[in-house]
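Next, two complexes with subunit A in common: one pairs it with subunit B, the other with subunit C.
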Partner chain A sequence: MFRLEARISTPAWFNLALPLLAIAATLILCSGLIALAGAGVIEAYGVMFSASLGDSYAITETLVRATPMIFTGLAVAVAFRAKFWNIGAEGQLLAGAVASCAVGAIPMPGPLAMLLMAGAGAAAGAAVALIPATLRVKFKVDDVVSSLLLNSVIFYALMALIEGPWKDSFSGYPISPPIEDTANFPVLMEGTRLHLGVVVALIAAPIVWFLIVRTTLGFRIRVTGENPEAARYGGISVERVLLSTALLSGALAGLAGVGEVGGVHFQVMSDISPGYGYSGIVVAMLARLNPLGVVPAAIFLAAVMTGAEAMSRATGVPAFLSDVIQGTALLAMLVALLFTAYRIRRIGVA
Partner chain B sequence: MMSVVLEQIFQVGFLAAIIRIATPLAFATLGEMFSERAGVLNLGIEGIMLLSAMTGFTATSLSGSLWLGVLAAVLTGMLMGALHALFTVALGLSQHVCGIGVTLFSSGLAYFLYRLIFGQQSVPPSIKGFATLPIPVLSDIPVLGPAVFNQFALVYMAMLAIPLAAFVLYRTPWGLSVRMVGENPRAADSAGVSVIATRFQAVILGGALMGLAGAFLSMAQFNAFTFGVVSGRGWVAIALVVFGRWDPWRSAGAALLFAFVDALQLRMQASGLGHIPYEAFLMLPFIFTIVAMAFMSRNAVAPSALLKPFRREER
Partner chain C sequence: MPPPLIEMRGITKSFGAVRANEAIDLQVAPGEILGLLGENGAGKTTLMNVLFGAYAPDAGEILIEGRPVTINSSADALAAGIGMVHQHFHLAPRLSVLENLLIGIPGKSGRIDRAGGLARLGEIGRQHGLTLDPDLPVAALSVGEQQRLEIVKALFRGARLLILDEPTAVLAPSEIDGLFAALRSMAAQGLGIIFISHKLNEVRALTHRCVVLRHGRVAGRVDTPANTTSSEMARLMCGHEIVPPARGPSTPGAAVLTIESISTSRHSGMALRDVSLFVRAGEILGIAGVSGNGQRALAEVISGVLAPDAGRMTIAGKAVSQFSPRAVQALGLGRIPEDRMTTGLVTNLPLADSMVLPRIGTAAFSNKGLLRPDAIRAFAEAQIKAYDIRCPGPMTRAGALSGGNLQKALLARELAFDPKVLIVSQPTRGLDIGAARFIHEKFLDMRAKGCGIIVIGEDLEELLMLCDRIAVMYEGRIAGTLDSADATIARLGLMMTGAGQAEEAA
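Take a look at the complex of A and B:
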């Protein structure tokens, strides 16, 4: 007989082992789909790996792709720590993109433009995230549902902009006017798309980690998430913590949009985010809500995305495999997390 | 403006449109309601509807039989429901995150399999979907008849599903078990009701209803599968369950109300209010739902054990 037994503490190597275990399980499970599509499993994964991490150019492309997911991953990690169920990172990203694009189109010196774009994008994301948090605190509205529904609202607002006042009157395409050339984020490596935003994302992760682990606000966020009654008893205003968490989380998601506008697309279009907001949830869970873990987790998902496109071209396996991998990885990670709470113990048959 | 609105409401076409829009929402809302009454939030609904829409469309497209397609969609829904129950009920994992996981996984699988089976085509393949089935005598009633009783077979199924769901939930021993494991699993367990089994059954039944919702979208409403075929209807259904206070009749009423707002915005888009961008109308049902939740949630009483996993040995 086996039974699950509660664990008191988990060894440190679990933080690394569990995501790796989940990823290995995911790749094995998804190899069935590759075989179903009539391609060689080893070959397909080989193409995926070499196209995303195989050479220095591929690595820069993967890092560029990882950047928005580092931000949305941080946004989700911060929110979930406080058990503020922000599923709205997608809408907050779009709001950040729109705001930064509006600011970036105003002629002004480059560095000032970039700073103001970041400020506007973060503020827009924070403002959007404040809606579900306020609705939860004031009206007891479930934050999952309201933040999900808001994603649709923001998306239609973006569409109204780019098919209305922002529409390219010359080509007729539903895309916004480009931002000023001076506002384009500087490229850090000649011949690649590695832009300033990538570095900002890599720096943001340890800053958010410090904020969560070493500051009073971070402590309040963690206590609120783990035990709201204890937080209240200890004199913490749970409502205020939830609102602050929403502001922080939304600002981070907004920055994801800023990076895409300033560093990659230089304008706003309807498909500026292929679901980076939702991927942020996968990233945050793979990272076990640890801001430092968000970086490798985002790079993994980015590698899957860039790799899947090359794999599709080479083997004919639909690139949507990357979407299946994301979903499977999230579920596999949740199962792997069981090992942190429980251990399997062999017991005598009674 | 008001006269335009009133004029629209009393048209046969408008009433028929409300019923058609309400049908997938009614199925989805009832499905989510069963799951939540047993204590399991199913955020997988959006992806389950999408995958069911895909399998239903594909089965019909390959076999030529519409009902085989419906069967495939229902089985898909049940299978994905079982998957969600495996994670949340058997393993007791976070219902929020598992639901998102099920949605991401199901949507990814739907896109992948659709592209694998149909390839990339410039004109997306379509099927000859359900035709309207007028009910003799009843469809001759003025205004109401052609609007309500000249509909697709799946619409009638939804109409029957509402009283049936209420009967099952309130008048059968199984319905009582569902309500018990959703309100007080400990007591249900003491009374000899298997909490795990009952929750599994409720989530799987919910999945079957979500499957019907998906089938309606790809086989009666659009007669094709597109990546945006569900576009948020699953999330709306979750809100409608709250709005309908976890009751079959009220939930169905909430679906009708949402359908009314949606049909109204479609008409307003079409009827020459051209200076307002059409996206403003598309947003309307979503904003309406959020505002409605703000008014309703304060007094809404969710099943007590919603979101709480059950482990017998833990007290």
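Take a look at the complex of A and C:
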């Protein structure tokens, strides 16, 4: 028999071991589904790996895919540190995409356009995140529910825009007019889609880490998240911290939308995000809310997504497996977190 | 001779390198109240958690009525007739008293047996004087009543051995008498009781026999606690003599904190009504009273957390214009909260973070919004050394420290900035003798240095020892203030019930 026992302390190497353990458990659990679909497990994972990380082009594609999830992962990690339960990164991403696309369509010099797109996208995401945060601070409305429901409101508002007044008159599809060519983010490597936004995302992670770990704002965010009462008695305005966190979190999620518009799609369509906002939650949890961990976690999920399509073509396993892996990874990580507080002990049976 | 109700033989339990329990033997006979005495960290709670099935022992065995048993979970313990009342209650606040009792009890064909539960509740209430309103939600109960519910819950499940982990720590003096009466009644009817405490007078008053733990081992056994002196038991517990600190004479200076006619309205507990008081430099003012008579509101107003509706407050001669923790702190106020875990510390973050929390925005620990990690670390390390805070280092999770060490850390973080006024609530609640002694000495040091200290407490002996003057709170007012030379426990106790005012008027 086994039993769980409370732990006195958590070893530091758990920070690395737990996500790896969760990923291993996920791949083992999902191998059953691959076998069920009639494919070889090793072969399927092999195709998945080589198509996502096997050569330099594949790696650039995976990085391009990881970029929005780095931003949404950072957005969620920052919010969850303060226990501001922002499930609305998806809507904030869409708001950021719309705002940056609107700005990018105005003719102006390229660098200026890109800067303004980033500013507008971040501002739009921040404004959206401010809604659930304000509702919570002023009226004690549950932020999980309000931020989640806001995603639908924003998605359908976007649909209404691109099917109506904002529809591109030169296209038969419900898509927005494209941004100016000069506003397209520069490609960093000939023959790939590796755009400027990827680098910005990779730089954003250490900046956010610095902000959380080394600034007074970050200190206040951490303390407020862990014990709002102690924070209040310690002279911290909990309300102000929650609102600042929301602004920061929303701005990061908004930047995810900016990168997709400026570096990948150059316009807004209904499926501009295949749920990057929600994937951000998985990324942040895998990273244990550490901004530096967000980068490898996002790359893992991106590799699963790009790899799943190739695996589907090569072995006939449906590409939906990538969604299953994502969901399983979140569950596995939540289970793995149990080990930070408990240990398993074998007990004899008398 | 019948076998003991419960017997633990050679119980050993380690956490990593720490031996929490080593070869401990212990027995409880039916009808016996056994005291389990020891300082914090001596291994009392670990031993009881082994008995209650929360930890598996590394070695040793447990026998119930002479038969060896294995207890792997609280369900096993309950089935074996062991009930435990923890320091922190395990109740569902939004459910009623009766519903809490029935949690986990199989009903009749999937339905809750309300009538049966009510009958049992009434029966237990009559037997031991443990009455509770079955329909009241637990959130509406006082702490004492919640504890009563925990005891009733254990009896409800047929416990024959009841373990109480520091049950008096959360009770007012009047409630303690009620608890003891109930425990004696249960023992008279053949129940075994293990009473965990580090308060010697309680152990002497209540228990039949007593086991003293120190550093995880049995340091001694006392067969007649009532006839054994406190100092003798204290010596067993600490391993050396404990002499209470002496409060020398002092010459108080000017008032460092004044409160004039302060009233509050918005407050979850008792509000303040026209409260005026002052404390001078080099003086300790005690605030006595049964808990819930406005002490919390008073502490919150002085700490700047609660803005009063009316009245004035000055700190070090300056009027407090804005009631915020930062503003009163800037004027020279230090605060040691009543509830270390909820309003003082951040248990999940490193100890260093908690130690700099109230002053993180000051130049000592940050500069233009950037933290100064080296300064924070150096400060924490210096205080850990100066106050002998036992922990692996400043980056240890605060929650891993014992209560005494946490209280030292809170003391260190305030005293390091030489406050002109210090407000403390229940400064030694839950602390062992050694740690309490240390805290008392620090207060007397601060008094000698000219700090004005306000001590809010329920332990009258402690207040009489520490304070120069003692004010008694009753129903949100100051019922009267005595010089401690004139104060006795009897006189203070009378004032605490509201009778003091009549006496003074007469």
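By our rule, the second predicted complex is superposed on the first by the 340 of 350 C-alpha atoms of A that agree within 3 Å, B and C clash if a C-alpha of one lies under 4 Å from a C-alpha of the other, contacts with A are read in each partner's own complex, and residues count from 1 in each chain.
FYI, a residue touches a chain if its C-beta (ideal position, glycine included) is under 8 Å from a C-beta of that chain, and two chains touch if they have at least 3 such contacts.
Quick caveat, the model's predicted, so the values are computed rather than measured.
By the touch criterion defined above, A:Arg222 reaches subunit C but does not reach subunit B. Of the two partner chains, subunit B is the only one touched by A:Leu150; subunit C is not. In the superposed model, A:Ala230 lies in contact with subunit C only, and not with subunit B. In the overlay built on the shared chain, the residue A:Leu115 is in contact with neither subunit B nor subunit C.
In the superposed pair of complexes, A:Ile207 makes contact with neither subunit B nor subunit C. Legend: residue contacts after superposition of the two complexes on their common chain; A:Arg345 is shown touching subunit C, with no touch to subunit B.
Legend: residue contacts after superposition of the two complexes on their common chain; A:Ala35 is shown touching neither subunit B nor subunit C. For subunit C in complex with subunit A, the residues that touch the partner chain are 15-16, 54-56, 68-70, 72-73, 303, 305, 324-326, 329, 335, 337, 342-349, 353-354, 357-358, 360-361, 366, 369-371, 373, 396-397, 400. Against subunit C, the residues of subunit A that register as touching in their complex are 1, 3, 5-6, 8-9, 214-220, 222-223, 226-227, 229-236, 345, 347, 349-350. By the touch criterion given at the top, residues 33, 36-37, 85, 87, 135, 139-142, 144-146, 148-153, 156-157, 159-160, 163-164, 278, 281-282, 285, 318, 320-328, 330-331, 334-335, 337-338 of subunit A touch subunit B in their complex. Residues 43, 47, 87, 91, 93-94, 96-98, 100-109, 111-112, 115-116, 231-232, 235-236, 238-239, 242, 277, 279-280, 282-283, 286-287, 289-290, 293-295, 297-298, 300 of subunit B are the ones that touch subunit A when the two sit in their complex.
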